[in-house]
Each structure stands twice: as structure tokens, then as C-alpha cells.
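Sharing a structure with you now.
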Amino acid sequence: MTGYNRIALLTDFGVSSPYVGQIRLSLAESLPGIPVIDLISDLPAFRSDLAAYLLPALIRDMPRGTLYLAVVDPGVGGNRLAIALEADGNLFIGPDNGLLAMVFRHALSSSVQRIDWRPETMSPSFHGRDLFAPVAVAMTLGCPLDMTPMDFADLQGEVWPEDIPMVIYKDTFGNLITGLRAAILQSSDLVCVKGRRLHRVRTFNEVPVGTAFWYENAFGLVELAVNQGSAAHELGIQVGDEISLIPSLKFCPGVD
Amino acid sequence: MTGYNRIALLTDFGVSSPYVGQIRLSLAESLPGIPVIDLISDLPAFRSDLAAYLLPALIRDMPRGTLYLAVVDPGVGGNRLAIALEADGNLFIGPDNGLLAMVFRHALSSSVQRIDWRPETMSPSFHGRDLFAPVAVAMTLGCPLDMTPMDFADLQGEVWPEDIPMVIYKDTFGNLITGLRAAILQSSDLVCVKGRRLHRVRTFNEVPVGTAFWYENAFGLVELAVNQGSAAHELGIQVGDEISLIPSLKFCPGVD
Amino acid sequence: MTGYNRIALLTDFGVSSPYVGQIRLSLAESLPGIPVIDLISDLPAFRSDLAAYLLPALIRDMPRGTLYLAVVDPGVGGNRLAIALEADGNLFIGPDNGLLAMVFRHALSSSVQRIDWRPETMSPSFHGRDLFAPVAVAMTLGCPLDMTPMDFADLQGEVWPEDIPMVIYKDTFGNLITGLRAAILQSSDLVCVKGRRLHRVRTFNEVPVGTAFWYENAFGLVELAVNQGSAAHELGIQVGDEISLIPSLKFCPGVD
């Protein structure tokens, strides 16, 4: 064993499809005693450019020593590379399409390798099962694999900004998670979306039922929400839509 | 260990969101060998008053010695209490908002404690991950926690009725589960909903495809269903809607 | 133990209902160390005649030594039989309604038994929890059960064709899986659906975004798909709809 004690799956495969199940069943053969957790199965479909901003937030407070199998992979079967990224005691396996870009950007210590190994047979459309899962097994067991160290400068997404003012995820309740870390905003900043100005609150029940607001969610990101309602419905916006910020006016307390 | 051999999660977090996954990943760090099962992830959102009636039914035939982490928590971050309820060999951890009210009402033996312990840092919006999950870990491992015995009379929901004539859950098929235990009805009672009168049958295939009926479901509750169809669609009702009963007329067999 | 190292669940119960969770919780009591995987929870509802064609494809590349609990069971509580099918090192437990027909049709070695054992109490509507799960426990532990060998000729679905030109499953992305094994088609065959002719490609990114095509999916079946889009939406077809084939014209390369 190499110190990875559990495997977490981060995919856009959907909760109601057999793809995650096939990966889990494959892993169970070789790693029957390793917990495998579906951390998220509905990353924004095909949008590694958006999912990239959710990943470091999702793992921020999770236990170290986790192997993350991360698959949002519209280029599967083409010439995109497969990579293994060690970052701050965790290992990330996935396609080189920017999906892991923000994980390595925010890591304090990290190294990345291109995965050159390929299985004898491999579906051209399901590398999650046929390539990334066997790599996860090998790296959990400490088996050597054909890999080549890479420079971070050669990774896709290396030039992307650290934050994006955009909705990157909608949860079950209709809450809208953005690609902005709350730590870069002032408490008094307003979020502007479709002409609506949202104030910051600390948590849901500080406003009346039905009221829209923004807050720092449990992942550290700016989230648009409605107390006991759906922000997606109330605000009429979707994943991929942009938002804007109105910085607090220090001498105009009436606005805040 | 304290005799809790597995953990079951009962939440309204939704199946397609990372919240259950984060709880599972947190539990896997401290309790790698303990099975963790998502018993239900789509309890009626924000409606602890409805979910309360589903919980004792859901656990009725489940194995003893289970720790249930139960979270429908619209008041998260406010001043609602956190409680730990021992009931008939199981342990329930969750918010004191009535969610556990029917579990303790129907328990043969039980005791309840207020959870005074708090973690060093805690998201104001996700106590499932930051408060209830660590409490579950501690109580599974038998670690002492700062807790205070409570009187049942002080719990939220203590005065709620034992049954409610209301739809409390819609399943994948569109079957509608009510807050009525079937044991309190006569077999010949009719359920009336939006002007429709539904007769009782034993199971689905006793009526033609497309026919609506009520029956005692596998949890012991009155459920409205359609053979190979959706009762929600056919009857045009939703979670939270009321139903009424027409007691059987002993001398009018033509009605039944 | 009998050589079954893990249990996989194949059901139409839906991902957002407590039925799969109750089965898992029941299994966890008796088999705490056995991995239990939800391989698929959204088999076509009530349609064992369609799900039958998905099962052998789903398990084709999965590890041997798996016990599959397979439940699409509209006849639950009626007089349909319960069966246990050993096929190529795996065990399948489920209703005798054709659901397992293609598994045994494609098996190289197999045997089937009628399950005569019944539990003391059993819900008439949820044999997955009350009959099939306890049978799975007993057979995993090697406990003897009251069973009777059957002839394959007596199984439901025994006369069904080996392939059906029909959509049998829609995945999260809107990809449409058919009941045709790709191996029986020529690469140059066209799939015709609602007047549209679809060419074969190897994988998604070989066509422009938004283009519809067919390909051999990771399960070996003919699948209709759109690059980064929904074939279900683009083609306007659903599970249960028929497709047709246009064989390649060897002397008319312009068509292909």
C-alpha cells in the first residue's frame, strides 16, 4: 500500500447510470477492503472548465490520503493525455483537460506525471472504467506503472484564472455554486445577477423563507441561494451563466 | 465500539449532490471498516414535519444496532438543538426539529440527550458534515462527548399526532406514501383524494395495468399507487397534499 | 463462503428512493465485510423484457465471482417464480419473468434452480428486500436453501430473440442504448431512426459537437449518441421505441 486509504469518485456520469457502478465493481475485485465513495457524480457534463473550480473546494475539508478518480472527459478516445497528480498528500487520476488545473494551482506541494501505461484492451469511450480505474488500483497497491514526469506548464488549464464569476454547479435544492472563492470578497460585496442584487448572509435561516442571498458555502465558494427555495428557479439562471460583483461602498452604508 | 455496527444516512440532501459524499468520505477516515449506507437521500426537502412520519416506517424492519444520521435541517446554523436519541437498540443523531419525533413516540424504550459538544470549526450551513458526522464517529467508537440528558416533553414535535392524513413522500415510480399507518385502517376503508375513491388491494398485480388503488406498503404505511403507472401523475397530487378516509359501511357492501 | 466475493444490485427501484437502501442495510447486517455495489438502479421500470438485453452487456467485462441481485418485478406478490441462475462463475437471483433470459442464453455454462424457500413474513410488494436479499445472504454464506433444479426450457423469455432493434435504456447524457449487439453489425451499416440515418463512429470526439451517430458502446451494444449533446432530445425517441438497420451497400460507397 502507498498510503492511499480510500478512493473517491468525481465524475459527470450521473447518479442514474451504470458507469459509476461498473467502476466500483471493477475496483471491488482488486481492492475489496478499500472504501470507495461517490463524492460527486453530477459534475457539469462535458465542462471540465467549470468542474475544475469545484474540485479544490470539494476536497478542501476532506481527509488526506485519498485517491481521487476524477472524470469529466469529453475528449475520451482522442489524443488528450492521462495524468496522475500528487497534491498535498492526495492523488488525483484523470484526463489532462483542465479538470485538475485548480487542484494543482492551489496545492502547496505537488507533482504530476503523464500516464503512459495502457491496458491490453480499452473501450474508446469509457476510460474511467478501462484506464483510470486500473491505474487507481495499481497506485493504491503500489504497483509500478509506466509514467513520465511532466512540467506543470505543459498541463491544460495552466493559464486559467484562479476564480471565475460564473455559476459552476446547481445542487438538488437549486442552490447555485459559483467559481468564486468567498475569501476574495468583502462581506459587504453584493452579487449581481440578471439585475438582481444579492446581499451576503451567514446561513439560510437568517432571511425570511423565499428570500435570495449569497453566502460562503461549506466548500468556501460564493453560493447563491434562497431560504427553503430554489435559487435556480427564482433567479432564472443556470450552470454556465455569468454573475458580477458590486464592491461594497464604504461610505454608503445604506446600500449594504 | 459501542454496539453500533453500521451507519445509515437519512437526508434531504438529494442523490445528485456532493453533500452525502462528503459525509461518507469524512466517516471513511475514522471508521474505514464500518458499512455506511445511504438509506434515503430525498426525504421531503426542508419538511422535518413530514419526514418525521417516514422515519419509523423506514426503520421498522431494518436490523438493530444501527446508527442513523438523520438530517432534514432548514434551521441549520440557528438555535435549534442537536440531539442523540437511543431507541430500541438503535441510535439517532440529528437536529431537534421534530424529525425524530415519531421515532421516539413509537419506541418501546428510549432516552435522549442534547449534544453540547461542538467542533473547533463548523460551517454554519452544513452541520451534517461538521457536527453530526463527527458525533456519529465518536459515538460509534465509544468516545465520550459533552451531552446533557433531556426530557422527551422538551423535544420539538412532542405534541404532533401519531398519524397524519397527508402525502409525505413520492417515490421514483410516482407512488405516494402517506403519513397513515395501515394498521389503523380497516381493509375495507376507502381513501379519498381529489374526488377519487381508492380501494385497498394487497399488491400491484391484483388490479389491471393503469388502475389506482391504496395498499399497505412494505414499510407499513398507506400508499397510493397505480399498477405500472404513476399515482402522482394519475391523481394529480403531490407531497404535502391531504387525503381523507371513508370508513367502510358495514351494511353497504356495494360501496366496497 | 461459496466463492461469491461481492454483491451487485441491478434494479428499477430508482436512485432516489429508499428501496435500494433498505436492501443494502439488510445485507450489511449479515454480510458486513462483503462489498455491495449498486451497478444500476434505473433499469427500465416494469420492463423485464427490455432490461433482459442490458444485463449480459452490463456484466460482460465485470469481475467473475459476483452475486447479482436483479429485480425488475412488476409481478411481485403474484405467482411468478423466483430463480437462482449460475452462469459462468456468477450467480443471479431474481424473478422468473425473462429478466435473466439473455444472461443464460449467452452463458457458456449455467444451471438454474427454482427458489422454493420463503421467509416467515414477507411483504407482498417488496420481494427484493424480503425474499431475494435473504436468499443472497444464504447463498453467499453457503447455507442450504430449499431449491429445485429447473430446465431452461421452462424459464420465461426462453423463446425471445437474441437481439432486439429497440431502445432499451437512456443514460444521464441522453445516450440511447439499443438491444443490438454491435458485433452482429457491419461497421458500414446505418442505423435508421425516425427518418434519420446515423453512421457509425468509434468514439464521441470524432464528430463535431452536436452531431448524432451510432457506435459500439463500452458494453458491446449499439448506442445512439450526440457529441456533447442528448440523442434522446435530438432524435426525439425514448426507451421502447424501435430502430431499423440499413445494411451497407458494398458497391455504393457514397452511401457510407
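Side notes on the structure shown:
By letter and in written order, the chains are A, B and C; residue numbering begins at 1 in each of them.
To be clear about the criterion, contacts are C-beta pairs under 8 Å (C-beta built on N, C-alpha and C of every residue); 3 or more make two chains touch, one makes a residue touch a chain.
Bear in mind the structure is a predicted one, so any value in this text is a computation, not a measurement.
For the pair subunit B and subunit C, the CA-based superposition corresponds to a rotation of 120 degrees in steps of 5.
At the interface between subunit A and subunit B, under half of the residue numbers involved are used by both copies, so each side presents largely different positions.
Spacing of subunit A relative to subunit B, judged by their CA centroids, is 31 angstrom. Subunit C has residues 14-15, 42 in contact with two or more other chains. Within the complex formed with subunit C, the subunit A residues making contact are 13-19, 21-22, 24-26, 28-29, 32, 42, 45-46, 74-78, 123-126, 129-130.
Interface of subunit A with subunit B (complex): residues 5-6, 8, 14-15, 35, 37-42, 58, 61-63, 65-66, 171-173, 202-206, 215, 217-218, 227-228.
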